[in-house]
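I am attaching a structure below and will ask some questions about it afterwards.
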Amino acid sequence: MLKIAVLGCGRIGVMHAANVNAHPHAELAGVFDINSVAAENCGSAHGVRVFKSADEVFASPDVDAVLIATATSTHSDYIEAAVRAEKPVLCEKPIDLDLKRVELCKSRIGDTSLPIMLGFVRRFDPGHRAARQAFLDGEIGNLHQVVITSRDPGMAPDAYIEASGGIFRDMTIHDFDLARFMLGEEIETVSATGSRLVDPALMEKCNDYDTVVAVLVTKSGRQAVITNSREAAYGYDQRVELFGSKGMVVSENRRMNHVTKHVKDATNVSAPLLNFFIERYAEAFNAEIGHFVDVVENGALLEVGFEDGRLALILAEAAFKSIAEGRAVRIAEIARS
Amino acid sequence: MLKIAVLGCGRIGVMHAANVNAHPHAELAGVFDINSVAAENCGSAHGVRVFKSADEVFASPDVDAVLIATATSTHSDYIEAAVRAEKPVLCEKPIDLDLKRVELCKSRIGDTSLPIMLGFVRRFDPGHRAARQAFLDGEIGNLHQVVITSRDPGMAPDAYIEASGGIFRDMTIHDFDLARFMLGEEIETVSATGSRLVDPALMEKCNDYDTVVAVLVTKSGRQAVITNSREAAYGYDQRVELFGSKGMVVSENRRMNHVTKHVKDATNVSAPLLNFFIERYAEAFNAEIGHFVDVVENGALLEVGFEDGRLALILAEAAFKSIAEGRAVRIAEIARS
Amino acid sequence: MLKIAVLGCGRIGVMHAANVNAHPHAELAGVFDINSVAAENCGSAHGVRVFKSADEVFASPDVDAVLIATATSTHSDYIEAAVRAEKPVLCEKPIDLDLKRVELCKSRIGDTSLPIMLGFVRRFDPGHRAARQAFLDGEIGNLHQVVITSRDPGMAPDAYIEASGGIFRDMTIHDFDLARFMLGEEIETVSATGSRLVDPALMEKCNDYDTVVAVLVTKSGRQAVITNSREAAYGYDQRVELFGSKGMVVSENRRMNHVTKHVKDATNVSAPLLNFFIERYAEAFNAEIGHFVDVVENGALLEVGFEDGRLALILAEAAFKSIAEGRAVRIAEIARS
Amino acid sequence: MLKIAVLGCGRIGVMHAANVNAHPHAELAGVFDINSVAAENCGSAHGVRVFKSADEVFASPDVDAVLIATATSTHSDYIEAAVRAEKPVLCEKPIDLDLKRVELCKSRIGDTSLPIMLGFVRRFDPGHRAARQAFLDGEIGNLHQVVITSRDPGMAPDAYIEASGGIFRDMTIHDFDLARFMLGEEIETVSATGSRLVDPALMEKCNDYDTVVAVLVTKSGRQAVITNSREAAYGYDQRVELFGSKGMVVSENRRMNHVTKHVKDATNVSAPLLNFFIERYAEAFNAEIGHFVDVVENGALLEVGFEDGRLALILAEAAFKSIAEGRAVRIAEIARS
């Protein structure tokens, strides 16, 4: 049993705590949040220890590993602290909004062999994985195009958006990582475009976009197209299409149930999409914990680590730069800077 | 070019006339209807001769073959006249509402080698045929169950229903023939049940049913289930499922277009079904003419003939008897009687 | 927390034990099986007490309620014992293979107010429930036809089949109950037909069928059609269609994932169906436990009880009689006998 | 009856000739091709005049209008000749591969009121039109993103590709026009990327691409994403997705039939896509002729004219420039040059 402490008891931390607690090979070692009420609520729900501070977590001999689900600005500090305490880490994305801070973190943790897993949960979705596996198994031949549609069911509050680091660092970052996961080759260039169609006042508020397209190209010419919106009236739209020389495989949307209705003027009317990421990716969040346990306990190969977090952030930087300069941006420009 | 005269200029005759006229290897030799206005309208639409009588049609040297789309009560007479005139026949179903009249017709036409094709159009539907072909090609192994769903978009007028011979002779007869076509074995027993749910007054009006189920069983035990309704709010529901030892193949419904809509509370909202048989089976009606021409001109093997019309009617008789007596009725009982 | 003991540690008992154990408002009070190895394995997996006998279970003050998942022949005895011990019961179907034994059990337990819930799990499937709810909400108007397709992925071993009481008591019984649940009216007549197509030797072995159709009719004329096979090559086929005056609602099959493949000669290739009932009805089995807890703890109205078990068995008897006598059998004939 | 002569008896000209001939309000006035054998074959198939030269067509009093389906290099000349002869034109795309020639043609035909219709057939596809109509009817609110997937079933021969003007002028040009049709606003910028994945030797052969993505943005920020490939193993992939503030509407692919197969390891296996444009857009090609007749005969408003052809070509130029310069290209840059 891997004893995992959860740092951060917001919506996603609370979900992770429950998943850890329910996992057959993991145990919730305790929780921490700077908001002590949130921490108490989560801790007492599972009857586990509520740590007074993050330091207390890292120092505790009863904690084998940590799951970081706190505010983004603390991620790097906690990763560094975990490495010093020699506790494996599963950290929510992004590592930091500032690439410089990520690079600093990278230099500080050096070449640690400690597992530092990034919470790019979509890699663990059974549908997305089955699609990728079909490609790896040769079912679609050589991969030519990856088409990712990712639309949130509704705009987050202004305060969230303003602190988010912008759509590419906050939302598209999942798609950037998923594109990397699917493409199987490093990306060379990013071209992006962004609009304010959901909330035209977004520019004044925080100079962000709510409707974006990013096109990524690898050295061999494989293309990934990401289409994002902060608000889809029909729910959380999550599709991945892999197109190759021998065929296409698509990870389709998932619905609340599998009932169809047929009435005057409309047939095949289906249920709303699973809404939101906690429902849609429920199996994936569980599998993510499972992989983390497997890596730490059984030495399984880590599928998604610190470097993946860094590279996704570089793609986000490149996307912002692409819009600002109206051109395709080479990853090497960002990585080098 | 096969010169075909169309007898009967009602809805279905008018459609047949247009199909004959448009067929690359057929020519509309003229039309006839006891309603001379209907005949004139149809004839002038295609610039063809309007015959004064059916006799004139059968006597005409300019007519190679006849398509009978007149009132059911005239079918047998016209088939007999066509045989005497040695003109191949494509006759709409049913041959007659009265099995005795059919048997008389059978004895009169004897063992003519003249093609007498019955208009069981569904045999020519590309989807239904592709499903059957999959079975014949071994894709589903041995056939175990045929499930036919057939629901009309709306109840016909009382006058039509009253003259129809009842739902089994008028509507289900298509499904009886389709079941025979799919089963590939002669049917031994029929069990049926009938209700009046669309129009509860139907019993007083004409002692008919509007909602029926018929179960057919062949000697080897293959089963066919037919589910009918005179009225489906969502349109003309036409599905055929073939279930066998190695799999299942389904000929699905067809829609007006292939657009899906995704809005709040409903996803995948699809277009209404093609409505009604003239639209749904447009390709099939054309293929039917094509087969008739192929049989007459090229000696192709007739796929659906007089005997198929007789056997479908026997199944209809058996279904009525099954309801009346509350038991499974053996076909041999009807055929013998 | 409702302390539930599980009697029977076969495949389904083991599943129930895990579900009880995981339920937030239930607790696994212990397990029992006449096979002490099976009981030990199940008990130790959850760290719970292994009872030495069923009597010990019924006598234990640490057991609030019992879940009966033992061999069918013991169900009635255990229900009676539970009633004497005043412990609420959740019992797997069927109550007994012999209707006389069920009637005896009924007379013995009398008018107990103790909850005796029957494990007709399909009533708790989210899809089937949503379909029914659409009907109850008026979305399809008056109900005319219920079409249930239920095919198992593979034939059970001969020994299982021989002890099963026959397909109608063992397999169709779920569909009979589901039909009753959907129809919303008591059934008046049953017509059935049965074939041996999966295993032609079945007649010699145990005079059972593997491929059956049952047609049920209510007083108002509503029809239910059940299509069963013991073996579907493509997996566990579970569909329910409700057809009414204003439309149709269908609870569709569920698949292992939501990936589609598109290659030369085949598009939209989808994943296999969820296989078998433990996977397909996983949510339903959990909801079933939830309902039982809700009934016992909170006095919720019991949705499916002893009488439902008895009536489903009567439908099974009627189906066998219908085949034997080649006629529609009135339920009143069986209930009276 | 509008008497239309068809110039060009290649694959698409032959199809147009048949469509004109079959149209209830049009008549095939004759055909012409520089390949006199092709012209003879087409003319005799319909029993119509075979013109000796294009001049003869334009001079003929028996020709009311012309349909230009000749080699692209002749389109502008023939449009100019038709205008001089005062014969309405339906011209296949593109007007010319060279924008300068198009501009010259524009200046030469001046402000003629003669209908000059461009053959952007996809505008007439019932599915695409129904999707657009849903947007115009407010069903998806304000339009945010248009996603067009357009993949050909197979690479054309080298000679065709080399003469094609490149993928954007030859293939994507249809998608550029469709994007304009859907967006409902003029496009301001184009960003494109291109790869050689189907045929890596394409660069040496003709410096063309086979796998491209183009992103178009309008003044208000609406985005269109076009994903193209010269070769899709699963057939002719033609999808259009309109995403807006209130929902999404998708014009889905069309298949050869509506049969699904369900076997071990694969369910819902569907038929191949309609292949190729002549089958897929059969209804659209007919509707295109119908619109042309309606414009010429009844003065209906021309939906797609010379200017649409010119603007689509400008988008193609911009796309090539975008790749060459690695930047988003403003339409104004091209239009001005």
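Just so it is clear, A, B, C and D label the chains in written order, and each chain counts residues from 1 on its own.
The criterion applied here is as follows: a contact is a pair of C-beta atoms (placed from the backbone, for glycine too) under 8 Å apart; a residue touches a chain by one contact, two chains touch by 3 or more.
The model shown is predicted, which means the values in this text are computed figures rather than measured ones.
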{"item": "From subunit C, the most remote chain by mean C-alpha position", "value": "D"}
{"item": "A-D or B-D, whichever has more C-beta pairs in contact", "value": "A-D"}
{"item": "Subunit A and subunit B: spacing of chain centres that average the CA atoms, whole Å", "value": "58"}
{"item": "Centroid spacing, where centroids are CA-atom means, of subunit B and subunit D in whole angstrom", "value": "41"}
{"item": "For subunit A, residues that touch 2 or more chains besides their own", "value": "140, 233-234, 246-248, 253, 260, 262-264, 271"}
{"item": "Of subunit B, residues touching subunit C in the complex", "value": "140-142, 144-145, 147, 149, 151, 189, 191, 193, 195-198, 211, 213, 215, 217, 220-223, 225, 227, 229, 231-234, 237, 243-248, 325-328"}
{"item": "Residues of subunit A that touch subunit C when the two form their complex", "value": "22, 126-127, 130-131, 134, 139-140, 246-254, 257-264, 271"}
{"item": "Footprint of subunit C on subunit D - complex, ascending", "value": "233-235, 253, 255, 260, 262-273"}
